[in-house]
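Next come two complexes, and both contain subunit A; in the first it sits with subunit B, in the second with subunit C.
For the complex of A and B:
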């Protein structure tokens, strides 16, 4: 059986890649996609942990898989909202490059 | 062991009613002609007051758990519920005129406000991480839309983008923390975390990572300092009533959640592990210093209020840091501070909104001579700022006094010192605003400089005396509603400053509900 740690490392790697994407990407759309990667890292963590905890006595009523479904739902809503706002920005300013979104600073 | 998920469900009636009324507002909005959208503001206020009454009438004796302990109905939750609903009423009072003149689709605005208040109520009641997270997202999602509500304003869009990206990032960090806590414990209940932290033996590093990331995520929501960078932009770009709401409502809700989380998950482990106090204390010190120092350089009022609110988050965090020493005292002073901060900020923002509605200006320099043009508005802003700075007579002094005394009592004398120093700094930039209003001359239309050009353009519409002898360009009266809001707010600010005992009694009862048993 693959140890739980491997899944957690996979999750951490995915989370790190997503975080790097948030910092390095210049397009608002790709930043949102990077955040999605981070949320999927969360899901990997949750589902792996849920299936490992299942055998131990520590399995609580609140299941990791249920949490993962909540995370997916919230993430979908978040992306919808984010793209709506980004679309507004595009209509008004003609760009979604976060370097050029600089009306507000200091 | 099967859990009875329908037990005590009637205790959630206030939340169900609020949800129904929020949907009702959205539905009625579809049928109202554009000229009658103000009715929705009235409907929302009526629903908020109705929910308040229901919540008070249906309060249980003691604390009652629902859904197998996911949510608890107790006096702490009740206190914050009333507090949030009252904030909602205040924000609606601020937004009626602003919405009519400057926002499209303003009907939905009130519906979103009701949903965000629902989220805030649930945040104060949840004692499990996922429930708290969903409630937090309900609040945040409504706020994302409200911040970006100026559809055609690039600044509002930009604020919305920055807010939603940082907000989503912080949610992801928080959820990652949650997933690690779940992996380590198999539970996401606050009490489960405390049990594991307090039990002897080594604590799994996965749990450490989880708790740390959870605190980081909360730090983003509170805009504590290393995680504050979204706040000034979101505040400046958002429509003014939403700025007020961000400063008052979302802060108060995040602190309600933080208080309960710390009370149930972290403070019980204080005997075994008290370094968290130092971590939070350093965070608080950095937050209050940086927030207040950067505020010195601001030219825009909304941005100034953003940095000032970051400073105030620092003070309240200092109270969180000493929760482990004398819980009841610290919790009480934090809650009292939040209430005072909310009322005071409401007064200031009502004044700023009254000015903005008439002139369309929100820079500090634009306030020049306001005391001659609209004495009451100037006085309201001035008293609000005095209270924020913590000068005696006003509520801000009492609140800061209690809070700093609690911090010093809790063994963080240096932190209380930093807090007093930070308050002194804050007095400087609050007085700058006062100087503009009371000492500086209003912009003279005869030799109008370039930067005052738009100001004169607006003034022309209202008074033609611009080129005559009187150097004071007249400013039309603010709306009755805003004047009334300022008046009531000022009364409360003074009352709480002079005679806070009744409120403190209520807060005592509220915070007694979350005192950790250990």
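For the complex of A and C:
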């Protein structure tokens, strides 16, 4: 059977890639995609912990899976809202590159 | 056998993720994200979380990817096929690598868990969701409603608002 550690390392690597995307990308659309990657890394971790640690007293009754459901819910809401904001940004400024949205920068 | 499946799933997930952060085309990035999310759904299946895998494919594979493609279309991002990264991308690469290594080391050094993955019964999961987690569940529905209304209000154009005002004045 696959050890729990492998899933946790997969989650850590996925989180690192998503983090790099948030730091390096200029387009707001791609930054939102990278945030989705990070949320998925967290979900993999939660579900792995829920499946492996059930009954050991450290993680009660598959609560990790329930929390993962809530993470997916919030991620769906976040995507809808984020793209509404990006659309507004594009209409007002004609660009979605975050380094060109510098109205608040002095 | 399980290890081979895990390796395949990990290659899909990480390969798709690298594609998202490395490709120069926004539409390709969205499709790579779909690949990565389906890989994650495979990982959930390996963890016997069938319900989560189903939800992942439905919500991420269906809804989120479609929303992303709509956003790409409406912001005309695809008219710039050679998108560029920040000038600070090497620093970002270093920071992200350090973060991933620290996270991995934390998992590596944690006390080893010798256990088999177990699958919850659907009934157990549902009972837990609607009893112990009933209040967060209701709040989540409220969050979705607020996000829906907020997205409509933010994204609709000024012209539509003006037309609404005119229509209301006409009625009044």
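In this section, the second predicted complex is superposed on the first by the 99 of 106 C-alpha atoms of A that agree within 3 Å, B and C clash if a C-alpha of one lies under 4 Å from a C-alpha of the other, contacts with A are read in each partner's own complex, and residues count from 1 in each chain.
Just so it is clear, a residue touches a chain if its C-beta (ideal position, glycine included) is under 8 Å from a C-beta of that chain, and two chains touch if they have at least 3 such contacts.
This is a predicted model, so every value here is computed, not measured.
Shared-chain residue A:70: touches subunit B and subunit C both. Contact with both subunit B and subunit C is seen for A:78 once the two complexes are overlaid on the shared chain.
In the superposed model, A:21 lies in contact with subunit C only, and not with subunit B.
Contact comparison for subunit A: of subunit B and subunit C, C touches the greater number of residues. Of the two partner chains placed around the shared chain by superposition, subunit B is the only one that A:92 touches, whereas subunit C remains out of contact.
In the superposition on chain A, the residues of subunit A contacting both subunit B and subunit C are 4, 8, 11, 15, 18, 32, 43, 48, 50, 52-53, 56, 61-62, 70, 74, 77-78, 81, 85-86, 88. Partner subunit A is touched in their complex by these residues of subunit B: 3, 68, 70, 128, 130, 133-134, 137, 141, 144-145, 148, 151-155, 157-162, 164-165, 168-169, 171-173, 175-176, 178-180, 182-183, 185-189, 192, 206, 232-233, 236-237, 297, 303.
Residues of subunit C that touch subunit A in their complex: 2-3, 6, 10, 13-14, 17-18, 20-21, 26, 29-30, 33, 36-37, 40, 43-44, 46-49, 51-52, 55-56, 59-60, 63-64, 67-68, 70-72, 74-77, 83-86, 88-89, 91-93, 95-97, 99-101, 103-104, 107-108, 112-113, 115-120, 124-125, 128-129, 133, 136, 140, 143-144, 146-148, 150-152, 154-155, 157.
The residues of subunit A lying in touch with subunit B in their complex are 4, 8, 11, 15, 18, 22, 28, 31-32, 35, 38-39, 41-43, 45-46, 48-50, 52-53, 56, 58-62, 64, 67, 70-71, 74, 77-78, 81-82, 85-86, 88-89, 92-93, 98, 101, 103-106. Residues 1-21, 23-27, 29-30, 32-34, 36-37, 40, 43-44, 47-48, 50-56, 61-63, 65-66, 68-70, 72-81, 83-88, 90-91, 96, 99 of subunit A are the ones that touch subunit C when the two sit in their complex.
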